[in-house]
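Before anything else, here is the set of structures, which you'll find just below.
Two complexes, one shared chain (chain A), two partners (chain B, chain C).
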Partner chain A sequence: MEELCQPPLEAKSEVTNKLLDLQWKMGMAVSSDNCRSLKSPYVALMLKVADQSGQITNKSFEMTIPQFQHFFKQFKEMAAVIETV
Partner chain B sequence: MAAEAPVDFAALQSLLKASSKDVVRQLCQESFSSSALGSKKLLDITCSSLSVTQEEADQLIRSLHRLTRLVAYRDLTAGEEILALFPENFHQNLKNLLTKIIMEHVPAWRKEAQANQISLPRLVDLDWRVDVKMASDSITRMAVPTCLLQMKIQEDASLCGDKPAISAVTMELSKETLDTMLDGLGRIRDQLSAVANK
Partner chain C sequence: MLLELSEEHREHLGFLPKVDHAVVAEFCRIAVEFLRKGANPKVYEGAARVLNVSSNTVQHGVEGLTYLLTESSKLMISELDFQDSVLVLGFSEDLNKLLLQLYLDNRKEIRTILSELAPVLPSYHNLEWRLDVQLASRCLRQQIKPAMTIKLHLSRDGEHSSQVLQTDPPTLLHLIQQLEQALGEMKTNHCRRIVRNIK
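Right after this comes the complex of A and B.
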């Protein structure tokens, strides 16, 4: 789609937060106080988000592999849709 | 807490007063839960259904909790492994009944234990929307596609007890940021495949 106006500066995201960075790691839980022997893979993500004042917060969370796959799928859907507008 | 805490098997004898196998089964399930040890309700129910004193009910719940947690901790699935936990002179029928009940429940208990172990917060919901930004206070006309994303993150359940806090974070992603994000997630996916194939 042809852009009507290419802003010289990035349009300000006054209304919501901006995603600055994504950090991740993959791990395997091998043992816990509840279960001596585990083989439980997980993906942990940390999102660096800046609010309108510039204040940065980190949001960390973890997902099981199926949850991650669903997460990834949703982002692919978003990307597909954003191509069409 | 201490998964290998000693089990007071003598206290389990109170179960002989149960009116049916279902009562025993129910008690085993209730006692496994992490809220079992402080529960006045469970204590009272146990007292009345088995006609035992508060003291005896407390000791029974404590023992059942330790026994069920021990089995989940060690992931004992075979009957012989569970039978081997009991002392030699333990009531034969009760031992067999408890072993049978425990064997039925171990997979579910393991799952529950894993769901409740300490972890980073968990993503419980993801909503998104693609918009076209038409104007803002600094630019009057534009057509910039943008993605609005809201994630609901739930704090570690084991830290917050029954009502773990859920926080929502909303963010706006430009197409470029979204593409970069996809790259990053793609790399995780590649790593997962690499690890899975090892």
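Right after this comes the complex of A and C.
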């Protein structure tokens, strides 16, 4: 946790990967090879990340709605904490 | 096709006429074990002690024999060509006959071992799919965009890997059409003739 106390733009930052962009999409899975009739909503995120050398990679993953709500809750807490700084 | 044996190779094989035929047969067994599991220096030392020579000489003898057998098996040399290639070494007729017998007896197994050395591409293991409908994204709300998400499971040498891919319905239909065309090729006369002749 000590590393996050430093300002993020400092050159000697301990954080190796920088988040450049976050894209999202929301969809509904309607059918799959093991279940022909689904009604499963999901949120898919794609993070554009640059490592220390500057190489950009895309990391994508998806979450169910409850998982996404938990994810969102973390960010709400982060925003609340930043307000107090 | 005749085998070309280098000076060094001939030198190494020069050890063989100096020992009993039983020893040559034993060397052949060690050579095939070498192919199967790799070199075992203890075996060379044991044999060197019994035969009263340096372990290097034994090792060269076995390796020379291994190379002779693998090159002959690799090229699937005929009996006649093998005999002619070995004639160059100036061994006794008995030894030549023994070497030919060893070649013919072990050829199939050596070829099986050699066939495992070819590069292996990942092969198909399983395919999972899911039909999704995209309802909204960061840039556009109120959408209805169908997409197919595919998880392709591959395996190579027992190691599994998977790739997640996504495509839209027109591309998927095109893919299916191409694959059906590829399958259709198997039914043409050309392919049928080749498949029949390989059997």
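Before moving on, here are some points about what is shown:
Criterion: the second predicted complex is superposed on the first by the 70 of 85 C-alpha atoms of A that agree within 3 Å, B and C clash if a C-alpha of one lies under 4 Å from a C-alpha of the other, contacts with A are read in each partner's own complex, and residues count from 1 in each chain.
The working rule: contacts are C-beta pairs under 8 Å (C-beta built on N, C-alpha and C of every residue); 3 or more make two chains touch, one makes a residue touch a chain.
Predicted model, so just to flag it, every value in this text is computed and none were measured.
Look at A:Gln74: by the touch rule set out above, it reaches chain B but stays clear of chain C.
Once the two complexes are overlaid on the shared chain, A:Asn58 sits clear of chain B and of chain C alike. Contacts of A:Lys18 after superposition on the shared chain: chain B is touched, whereas chain C is not.
In the superposition on chain A, contact is made by A:Val30 with chain C only, not with chain B. Taking chain B and chain C in turn and counting the residues of chain A each one touches, the greater count comes from B. In the superposed model, A:Val49 lies in contact with chain B only, and not with chain C.
Overlap of the chain B and chain C interfaces on chain A comprises residues 24, 26, 29, 32-34, 38, 41-42. Those residues of chain C that touch chain A in the shared complex are 127-138, 145, 147. Within the complex formed with chain A, the chain B residues making contact are 1-3, 69, 72-75, 110, 113-114, 116-123, 126, 128, 130, 132-133, 136-139, 141-149, 151, 153, 169-175, 177-182, 184-186, 188-189, 191-192, 195.
By the touch criterion given at the top, residues 1, 3-5, 7, 9-19, 22, 24, 26, 29, 32-38, 40-44, 47, 49, 57, 59-63, 65, 67-69, 71-72, 74-76, 78-79, 81-82, 85 of chain A touch chain B in their complex.
If you check the complex, the residues on chain A that touch chain C are 23-34, 38, 41-42.
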